[in-house]
Amino acid sequence: MTPILPAGIRSLTFSLDETGTPFLILFAFLWTISALYAFATTPAGERARLFAYFVPSALGGVTVALAGDAISFYLCFALMAIPAWGLITHARTAEARRAGTIYLTLTAIGEALLLAALVIMAVEADSLALPVLAEAIGTSPLRDITVALLLASIGLKIGTLPASGVLPLSYTYTPAGAASALAGASAKVGALAMLRLLPAGVMPEEWSYAVMALGMATAFLAAILGTLTTTPRAVLGYSSASQMGLILVAAGVSLTSAEAAPLAYGAIVAFSLHHGLAKSALVLGDDVVSRLTGRARTAALAALALPALALVGAPLTSGFVAKYALKDAVHALHGTVPEAVYALLPWTAIGTAALMLRYFVLTRERTAETHVSPRVPVALWSLVLAAVALVVWMWPAHWNVHAIESALSLSSMWTALWPGLIAVAGWMALRYAPRGARRLNGIVPPGDVLLGLAAAVRAADRWLAGRSRSGGVTARGERADIAPALRATERSAVAWTAASTLFVLLVLLLVALSTR
Amino acid sequence: MTAWLPMLIPAIAGIATFALGESRGRARNAVNLTAAAMSMALVARLVVHAYNGTVVASTIPMLPGLELGMSADLLGLLFAAVATVLWGVTLVYAIGYMDHAADRARFFGFFALCIAAANGVALADDPLSLFIFYEILSLTTYPLVVHTGTPEALAAGRKYLFYALGGGAALLVGVAWLATIAGQTPFTPGGALTTVSGRTAELRVIFALMVAGFGVKAALMPLHGWLPGAMVAPAPVSSLLHAVAVVKAGVFGIIRLVNELYGPDLATSLGVATPLAILAAVSIIVASVIALRQDDFKRRLAYSTIAQLSYITLGTALCSPLAAAGALAHLAHHAVMKITMFFTAGSVYETLHVKKVSQMPGLARRMPLTMASFAVAAFALAGIPPLVGFASKWMLGVGSTQGGSVWALLVYVSSGALALGYMVPILTSALREGDHAPARGAESDPRMLWPIVTVGVLTVVLGLTAGLPGSPVHWAMTAIAPSFGGWTP
Amino acid sequence: MGDRRRFPALLPLLASGGVLAFVGRAVLALPPAANGLAVEMRDGAKASGIKNVVTAVLLDFRGYDTLLEIAVLMLATVAVLSLREDPAALSRRIAGRAGPVLGALTRTLAPLMIIVAGHLVWVGSSEPGGAFQGGAVLGAAGILLVLSGYAQPAWAGQRIVRWVLTVGLLAFIGVALYPMFGGGSLLQYPAESRKSLILFIEILLTLSIGASILSLFLASASATAGGERP
Amino acid sequence: MSTYLVYTAGGVLLYALGTYGLLAKRHLIHKVISANFMGSGVFLILIGLGNRSPEGGPDPVPQAMVLTGIVVTVALTALGLAIVKRYYTATGLDNLDDEPSAGGDR
Amino acid sequence: MNVLAQLPGLLVVVPLAGAAISFVAGRRRAPHVALATALTVLALAVALAVHVLDDGPFRYQVGGWGAPLGIDLVADGAAALFLVLTAIVGLVVTLYATAYFRTDDETAYGHGLFWTLWLFMWTSLNALFLTGDVFNVYVCLELVGISAVTLVTIGGGAEALRAGARYLFASMLGAMTYLLGVALLYAATGQLDMDVLRTTLVADTTAATGLALMIAALVLKTALVPAHFWLPAAHGSAPSPVSAVLSSLVVKGSYFVILRLMLDVMPADYLPGVEIVLGVLGSAAIVWGSVQALLQTRIKQLVAYSTVAQIGYLFLVFPLARHGADVLTLALTGVLVHALSHGLAKAGLFLGAGSLMTRFGHDRIADMGGAVRSAPALTFGVALAGVTMMGLPPSGGFGAKWLLVSAALASGEWWWAAVLVTGGLLAAAYMFRLLSVLLKDTPTELHASKGDARTEWLPLALALGAVLLVLAIPLVSNLAAASNVLIHAGVTP
């Protein structure tokens, strides 16, 4: 039998390789922290309900890094994504439920697209083993559609435009512990999928450019949307979407150029690690701050600067290295689009910086909500902060030597700093902006266009239901009853004179026919 | 003669049930359960024979120039096994479900006759024999659909008959027409019409007629109208209709038609396979979307059934070996999944009178085992590995791709997404806090609970063991391989 | 009154006209001379030994028709009997009221008619006549007797009446069956006893036919008498 | 015109007349009589057409048929009258069209 | 006496003797006479069928003269089949009647003359199936007609009398038309024997006119639309055992003669276009009869209109017969199977309707809910009869429909197949309209005391017979092969 036939449990293989290792470490770390945090902060009565979803999600979220074949990968992907619905809706509010529905819808679509791509790749490779899949699809006639499916699926996972709302939706209502895992780990599975599944250096340039452009657009637009929302979690969500847009740029690079692919992969890994940890720290930080008062609160707010700066890409932070790696990757390509992207890349930091400022402001405004002892949350948060600070120094050096080397140069320092300064300046300026501009504050609900889409679907459903009801009534009403006419016809047909005359006429017909 | 027994044993059990009458409940149960056990043993024996290459067959003369034939080949035995095994399970369930109901003799009698007819359809060796049992199935199901005798039941029964007999009429013309141009055409893997040359237009019309005939029971849109209405029947009947016998007879007919009457090659070269595939694809999507909108539990399941049946039709119509095998495997897999769901629907109705999804909050705590089984089946239906639904969906997808029909793959995966869309809300509704207090003591009659758990476990076990010799997947591939010449999986 | 739903009278007229035309055309299309089966029948009659060809056809060649015809007659009698009303009312309603003239006439006519009937049967084999003619006369005599009060009307409730009505048919059946035991077929009279068998049938038939006609009359009369009831 | 045609033509005419009566006459007794007309018409046709033998002498077969036919017609007529009378007794109607009897002419 | 050789004669004389004896025996002993006769006739009919199957068709010379002088009876496969059908239905109806007509009122049911009338009818049917002489057909038809009309009126109600009167006049009209046809045919050909006519018939206006008249008359007796005007009233208002016989057997008698004349006696295309007209009228009957059945509110009217529809099927053989021996074989076997299965099922249905009416005390379909509870076997019998009406497997009706559809498709004239299929669906529609009421869950007080067990099981037995007939199709097919129609068409050596 060929290896791609379903063989139940025997189809599932798990292994650890070079690509998987950093992700495994990241996922395992984040899910563990998140589990402990969630356990500590969830009231005892709700723990069972939360962990009923948390455990499978975490299981999938960690083992996905180990998945060695298409089916395992799909399984882990699904196992992580579907129960996450329970985490998002844990609050049981109407908004949470709505968010959960949208999330689940997009997840289901993403899963479907991924499955389709996996099936095609398995067929083309005649194998299920992940390393073979991407290679085989590169030469297949079904290459384009497969890559499109993969990109769409990954795009939904990482919140690429126009689905940029999916990440804010999934963090906003989720309890902090779980949200940190979703923020840090969940979207990174998309990054892992890029590495595992996207073919390198085989696509036409246009594909690459389009993906890069989409990534850039997401990076900018998500930042703008994020600054216009009202909760710290939503801001972080949009920030994630923006950052993941940058990862998509790296993926775009890898698509067309085999030479640049290692650089791009390095960038993706670096970005994933950096962003996963930093974003997790920020999500938890928001919650920690809300639990603290007085000096501790001030200290915590100060500590938030570390992951925030990392995201902006401040020198000596993981973000700096990651961004540098990305720049290198983009720089490896030649042409109008890559060069434009290259030129625009630093500008994305303005958006990130603005988001961080906004986050800061919003977090600072939060008041204490709970009286649970903050000791365990703080400890866990500290662990994450430490990871954020240290991870850059544990970098596998051979992925991005150049980034490390140039990290400390003055020019690159400046490059990293000016966007942040612009953002601060802009924010300052905004305080004196006219009233009209200030009204923009908070006009974007977490989920943006997705909410509109969901509302449109509901409206269409109502319309359909109404139409089918009224349609049925009219059809029944207008149907003419022919029974009386039929009965009357028969009555006159069997009346004696008519019937017997008809018979004699039949006789004549037969005679006439017979003697033609 | 042995080939007739899987059909005859339930038939005799049915007649004996009538003869025993209403009052002798114990004897009735004993007769039916014994017959189910005997049938299972018999089918198992025939399967072993068939795996060893011995196909037990037998014919009797019937119409001039045509014989009525039964043949226990692997393809038919798969369906027969599904029908027989799930008959046993459903019997236990039904004994619990119908505990206080009236007219049980009638109910169990026709139930057994239905299974007899389904086994007849499964093992029929030629179009005529298949048609005959197909129609008997329509007839024996009718009393079950209208069993309660309420106006809704009678209306649903009328609708069911209207569709079933209309389809039967189309099938009759198709079968008769084929017989006039090709004579006796016993099903042959790869196609039985080798003697017919030319006459492409006629063959196309005949194909269309037969598809119309089988399509009614296979609930191929737009012939599906009867299925949601038929939900008024008692739950075991719904299970039977949807999971075991009736609808499967339709898709099984299509499988025989495409693979063993026309043969994949002829079906492709006549250009009849693709329209069928497109019809099935449309059915999948439309039915799934409609299912999203149903609040009535059983209606939602019914539309899900329509979509899932078209999985099988689509897989068969693609004329690609793995897709065909996947379709056949899905026949068995869907049976297991859907029967779990209908058992659940029946159980929650019978125990708590819950009929709508919106009435479910609290159900998960009130009936944890039942709902857990349902959840497993629901995820299996959505195609989550390593549950049973994934195995066949994967085969179907891979087969579509291998056959060059990526569009079909996309249909399958979209439908999987939609399945999540209509299944998960049931679960979420049940998981909410609600009116139903946690169970004190048993969550439902044990004769209803344990069959549910059994089939629920089966959805896991069959998924985990997919591909092992004897599993539906392996079985289906072995059965379908001869239709595709030298194909070996 | 009652012109509702009246069928246009022209159509039956047209239909009848069509019948006239088509049948007329068919008749005119015939050749003016044709023998039919006349020759075969005459030759056959010689072989059978019955002088009257028509009688030979009726009772011998096409005796089967006649057997069924007797059945028809008896059936009609049974049918009309089944349609009669309460038999007890019969005698009340058909009360014979013979005046002196009718009485005298009846006394003369009745025996004469019975003799004529016998004669008609007897000559049937050679000349026009036979059981039907005889039976008809006999029946008429019976009607005369009942109407004039010389005989009590009888009805099928009485066994004797039933026997008389049936005996002709039974005899015919017996005679029809008889040749079968000798290897012949139904109604295949043995040559030697053909004439006497036929005569035997004819006599009993005359009785039954006469009784039938009488019964038809009486039963119809009883039905008429019911007119008073709503 | 040959002799046989005179009888035959008379028969055909009688038959057509009877047909009209059976079809169009409402009173049931009229219908019975009309049917008798038809029968007599056929008998005349039979007799007439049976008289075309070139050797003279009539064909005995039509004669036998007519004799049988007469008996059958008598039987039918008797039954017809009995039914019509019984029908009148039961319903007071003399036609099949649910119309009241014309009165007096039963 | 060599009984085998004498079977045709005996099949006529035995029931005739039974009729005569039952009349003499009086109303108490008549049922016994009828039962004994029924059993004997069944044995004779079966023996005849076996004989024909073994040795092929044979002629029986009544009076030993032989055609053209005498009258011949013809015992072929088709005749044997109708005789057996008549005998089976006859026996069951006789048994049913012993329960149905049980009453202490001496004047009820024609003064107990049912038995005699019924045996006369049986005689005439047997005679009609056997006769080989066109004039003898006339006598037989009159016997059938008189007995049938009388049996319709035997219940005595105004409605029955009215129906009987209509039936009688229709019968008269038919008889006169037929007799006129015979007169013309004889005048033109000088022959009355069908077999002689078969070999001597030549193109001739008068003969063709005669035959057309005969066919038309038989069409009236068979109640083919539009000449069905007398049937629903007659079959609907007669006592149920009578309705059963009328619907299942009597219309088959005249049909059988049409079959012989059209397919055996006349050369192909002797009456050009008539076969098409018959086919078209048959189709019209199927559709119109079914639609009317669907509209009826009284049970026996529904069943009667169902007969109007089912008769239509029988006429589809005529247009199909033009398409060669293979199609003819299929079509003829088809109509024979149909005649059989319809005969059994319709008798079952009418008996069942009678039992339901006795139990409910009325005949309104709408108020017959809940029958399934109190009379399950009866309901089941009605349902099974319905299955065969619809032509669903496994039933004789299915076999017939299959054969006819095959014939239509093989002939290339697929529209007849469309009619057949439509007819099946319409039959389903009206049958399930009835069944869905019977299956309704309405508590009903039934006159259980009136439910003699016989009146519940005998309809079921007949319906079951109609269903199981599907297994006997090879046998019917052999009988069809032994019929003169096919032998003379050169199908069977």
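The letters A, B, C, D and E name the chains in turn, as written, and every chain counts its residues from 1.
The rule is simple: a residue touches a chain if its C-beta (ideal position, glycine included) is under 8 Å from a C-beta of that chain, and two chains touch if they have at least 3 such contacts.
Predicted model only: the values in this text are computed from it and were never measured.
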| item | value |
| --- | --- |
| Neighbouring chains common to chain B and chain D, by label | A, E |
| Far-end chain from chain A, centres as C-alpha averages | C |
| Chain pair with more C-beta contacts, D-E versus A-C | D-E |
| Identifier of the chain whose CA centre is least distant from the whole-structure CA centre | B |
| Centre distance in Å when chain B and chain E are each reduced to the mean of their C-alpha atoms | 42 |
| Inter-chain centre distance, chain C versus chain D - centres from mean C-alpha coordinates, in Å | 17 |
| Computed distance of Cα centres, chain D from chain A, in Å | 98 |
| Inter-centroid spacing, chain B versus chain A (mean Cα positions, whole Å) | 38 |
| Per-residue overlap in chain A, given as positions that touch at least 2 other chains | 495-497, 500-501, 504, 507, 511, 515 |
| Shared interface positions of chain D, touching two or more other chains | 15, 19, 22-24, 45, 49-50, 52, 61-62, 68, 72, 75-76, 79, 83, 86, 96-97 |
| Residues within chain E bordering two or more other chains | 135, 139, 142, 146, 149-150, 153, 166, 169, 173, 180, 184, 186-187, 192, 205, 209 |
| Each pair of chains that touches, named by its two labels | A-B, A-C, A-D, A-E, B-E, C-D, C-E, D-E |
| Footprint of chain C on chain D - complex, ascending | 2, 4-5, 8-9, 12-13, 15-17, 19-20, 23-24, 45, 49-50, 52-55, 57-64, 67-68, 71-72, 74-76, 78-79, 81-83, 85-86, 88-89, 92, 97, 99-100 |
| Contact set on chain D toward chain A in their complex | 19, 22-24, 96-97 |
| Touching residues (chain side chain E, partner chain A) in the complex | 166, 169-170, 173, 177, 205, 208-209, 211-213, 215-217, 219-220, 226-230, 232-233, 270-274, 277, 288, 291-292, 295 |
| Chain A partner contacts - residues on chain B that touch it in the complex | 293, 322, 379, 382-386, 390-392, 394-395, 397-398, 400-402, 406, 409-410, 412-414, 416-418, 420-421, 424, 428, 432, 463-468, 471, 473, 477, 488-489 |
| Contacting residues of chain A [partner chain C, same complex] | 492, 495, 497-498, 500-501, 504-505, 507-508, 511-512, 515 |
